[in-house]
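Heads up: the structure comes next, in structure tokens.
Just so it is clear, A, B, C and D label the chains in written order, and each chain counts residues from 1 on its own.
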Amino acid sequence: MKFFFVIKQTFSNLWRERTPVVATILTICIALTILVALFEISFVLYDQLRDLESNMMVEVYLDPSATDSQVKVIQSELERYPTIERLRFVSKETAAAIFNEEFGENIMDILDENPLPVSFEVRLLREFNHSEYLALFKTQVESLKGVDEVHYRHALIEKLEKVTEAVAIAGIFVLIILVFAMNLLIRNTIKLSVYAKRRQIDIMKILGAGNLLIRMPYILEGAIEGFIGGFLSAICLIFAHKFIAGSFALVEIGTSTYKVLWVLTISFGILIGFLTSATSVGRFVNKIFAKK
Amino acid sequence: MIQFRQVTVNYGYVPGALKDINLQMHDGDFTLILGPTGSGKSTLLRLIYMDILPSSGVVTVDKWSSFRISPRQINRLRRNIGVVFQDFKLIDNMSVFDNVALPLVIEGYRRKYIRKLVHVLLDEVNLLQSKDQRASTLSLGEKQRVAIARAMAKNPFVVIADEPTGNLDREASKNVLSLLERINRNGTSVIMATHDYELIKETPYKRIYMENGEVLPGDRTINIPNKRINILANKE
Amino acid sequence: MIQFRQVTVNYGYVPGALKDINLQMHDGDFTLILGPTGSGKSTLLRLIYMDILPSSGVVTVDKWSSFRISPRQINRLRRNIGVVFQDFKLIDNMSVFDNVALPLVIEGYRRKYIRKLVHVLLDEVNLLQSKDQRASTLSLGEKQRVAIARAMAKNPFVVIADEPTGNLDREASKNVLSLLERINRNGTSVIMATHDYELIKETPYKRIYMENGEVLPGDRTINIPNKRINILANKE
Amino acid sequence: MKFFFVIKQTFSNLWRERTPVVATILTICIALTILVALFEISFVLYDQLRDLESNMMVEVYLDPSATDSQVKVIQSELERYPTIERLRFVSKETAAAIFNEEFGENIMDILDENPLPVSFEVRLLREFNHSEYLALFKTQVESLKGVDEVHYRHALIEKLEKVTEAVAIAGIFVLIILVFAMNLLIRNTIKLSVYAKRRQIDIMKILGAGNLLIRMPYILEGAIEGFIGGFLSAICLIFAHKFIAGSFALVEIGTSTYKVLWVLTISFGILIGFLTSATSVGRFVNKIFAKK
């Protein structure tokens, strides 16, 4: 009978006390939505910045005196690097075109001969595109025979790196604080909704009800509210995704993440609703003696 | 057996709600607690179901003592006492049926049994037709009868009735009294606080007369004072 | 003047809490509403201070009619009526003083005047020593007396007292009655619902006897039935 | 007397009903802190990205045939541009050094003569550093006599621009939604704390109290809670600032913003506490008839 009682109590509470129930569901929904959305936004942003970084090219200039076979050797050396994503050979002609692009001047117009060196344009794998590895790469490759200099735009890359790092740190920082804050907001709401029902809890206690029996309806209620809040939050997030995907080509989101979203928000919602109401009721259950 | 030994209760900064009470109530007794309003009757009863603990002294109820009792034991004690609270303490948004069923649910009885028993109890207090009504919508007399039905639900070893007829008419009051008497004849102790001297005038039960937080000595017969005073109640 | 014309009240799906009531109470009358528990006394009184509106029919109180009344007018009406609610309706976390002062504050009286008046009122119900106690910590009899003091605070044109002696002993009850009589002598109408036939047995006031939501015809003299029945209350 | 009553009621409520009061203050504090912090973070981030953009230089190459007086004229023309932040003359020698830097090759080693053109390095004012204005600037300056070509790295700048724009749009978007969400969270909390006191409101009503008198203590209470919440929020934010200023050199925050912070959070806190409680009580005040 206790089981039936708990179930009945839970659902009649959900229906009759709409004000606190709606407030709790809304709070959970909003908190989860903000949390997940900010997580995603900072993730995408970080991604974009890293992408910008990886736009930076490393150029390996060869000695003008390097022979064709030396070039071949260097190329195969470079191809063995697991950290390189793309490797492009830049002939004298291509270099002239780049010169033209950079200096707005056709080098062949000025001189009869093309003085520009042969080079390799290297794009490193994303995760190695940071100044430390680049410095290592530079010394390693420059020690190869026939390589004159390894060059990359360190000023810009370092600046970008700083920004990206700041975004990452701030993101993690904000998210951790946010998790706490949102948890506290949800706790607050559930605590208040239990507080509004303290008379009922007092009566149960004075009839000698055990802690579990008093708590169960609230715990279940919290879990159900968490479920609904998480569910609504997933819907909000998916709508937001659809809207953003429609508006900005920049941000691409796979539809496969939707499943993760459902699972994440709903399970997190249930968990927090469950745990929070369990502990909130406790505060009111634990006082045994009347204090009116 | 219920025993009060040198029990004093102070509420916050108002000392002496009860002053040095010594009492004994034996199993199976029918005890009446009489006294003007504010004299400490409810306070005395609250000590028995340990809603409050004495500021000093010891209250012993059956095998439990206020001196050393854990929250779990208090729950067990309360489940063995039926209380008709003066302010009813019904759960407002539960039905009459659920309110009466509550102590049985707490005790873990089977569903079918509860349904049958609650029907009998509600019939006894003549509220069967209101069994699905929300408690908050009852008239006060109806609430009082629900509280009485709930107190008797579990077949407790003692029933405490704090002014159980305050909202009932003469006829209904007499019926409540005879209901309590019937319970008492079956071996349950009954402790009843009341103002209604008319109702209990001709009963042979033990009387405890309180005034200003003290138990007046002896088994006083009640005589309603007839002096005409301009003020109300408990001035001596 | 208070007038009920063909008034019916249905509470949700429970029809007939009041059935076709026709009544008139004149200014300055002392009217007693009698009847078993659940017969509709409180419902009748709630119509007067428009806590509920009739499902059909019209209630007219002084210059206000339930047929057409705005929220603002209802507030004005309520401020002109003093009510001793059966369940007191004190604000739990306010002091006794503040509870009694509340209607005066609402009326906008000056501070000094309020302080003086509340002291007089509390003295009248013998609660001056408890004036700073929180209402929730009062004994029920004390609560009732606070409710009585509050109802009389504003010098209303009608005082409604719903079972004002339910938690009081005989002596205190008599004092409340004589307090109401004194108010009545000063020209205020008094409408009092009560179960306490003993208390009003010898009074000469107009009686309205209710049963099952109906007003019984004629000005019945009360005779307490003596038939011994096994069930409680309002079965005929 | 009404005035004293309201004041007394307000403060005794604040003290006696600690659970809802603390919950409300916490909610307001958290909501405001998150709101302001995210506003600042996105502002700083946007700033950093814009800064990155403005690192991009515009180069104005002159005709190799340009005479010294032509160069002077061009320089004074450019100096008249109000959109230019910094202007640097790049002589043939400097250009050679830059060539060396870019191509890892000393041009004088290859050729006897320096073939590189004279140029101006232009850094535009931040707010003009976007592709549209750059295109305009290019056509305008290229029409000057003696100017050969105006050159800037449009691929990178456009990409950066896209990210910056995305940050700006997402930031505004998130902040608007956040303002609504936080408002709703605070409303929820205050509504619940009023809900817990609905019995008291019912009694006031049945004694014929006017709407204003019933509402005032709650409105004042809300305003005071808003004040405290805003105050705490300002403290949190200032601590966060101090901490961040200590940890990242990147983010510089003027202490003059502290005053703005105090004013902002406190006044916003009071406002929202005030308005929300005013409307929340309304819901319970407006029902005239008992419905128990």
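Just so it is clear, a residue touches a chain if its C-beta (ideal position, glycine included) is under 8 Å from a C-beta of that chain, and two chains touch if they have at least 3 such contacts.
The structure presented is a predicted model; accordingly, all values stated were derived computationally and were not measured.
Novice: Using direct touches as single steps, what is the fewest number of steps from subunit A over to subunit D?
Specialist: 1
Novice: Quickly list, by label, the chains bordering both subunit B and subunit D.
Specialist: A, C
Novice: Using C-alpha centroids, which chain lies at the maximum separation from subunit D?
Specialist: Of all the other chains, the one whose centre lies farthest from subunit D is B.
Novice: Hey, how far is the Cα centre of subunit A from the one of subunit B, in Å?
Specialist: So the centre of subunit A lies 62 Å away from the centre of subunit B.
Novice: Between subunit B and subunit C, what is the separation of their C-alpha centroids in Å?
Specialist: 27
Novice: Indicate the residues of subunit B shared as contacts by at least two other chains.
Specialist: Residue numbers touching two or more other chains: 92, 137.
Novice: Could you pull out the residues of subunit D that touch at least 2 other chains?
Specialist: In subunit D, nothing touches at least two other chains.
Novice: Show me the residue ranges of subunit B that touch subunit A in the complex, using the header's touch definition.
Specialist: That would be residues 46, 49-53, 71, 74-80, 83, 85, 89-94, 98, 101-106, 108-111, 114 of subunit B.
Novice: If you look only at subunit D, which of its residues touch subunit C in the complex?
Specialist: 1-2, 4-5, 8, 12-13, 16-17, 199-200, 202-210, 213, 286, 288-290
Novice: What does subunit B use to touch subunit C in their complex?
Specialist: On the subunit B side, the touching residues are 11-12, 14, 35-38, 41-42, 86-87, 123-126, 133, 137, 139-142, 144-145, 163, 166-173, 175-176, 179, 195, 197-198, 224-225, 229-235.
Novice: Which subunit A residues qualify as touching subunit D in the complex?
Specialist: Interface residues on subunit A, with respect to subunit D: 19-20, 23, 26-27, 30-31, 33-34, 37-38, 41, 45, 48-49, 52, 55, 59, 61, 64, 95, 99, 101-105, 107, 110-111, 115-117, 148-149, 151, 155-156, 159-160, 162-163, 166-167, 169-170, 174, 178, 181, 184-185, 188-189, 191-193, 195-196, 248, 250-251.
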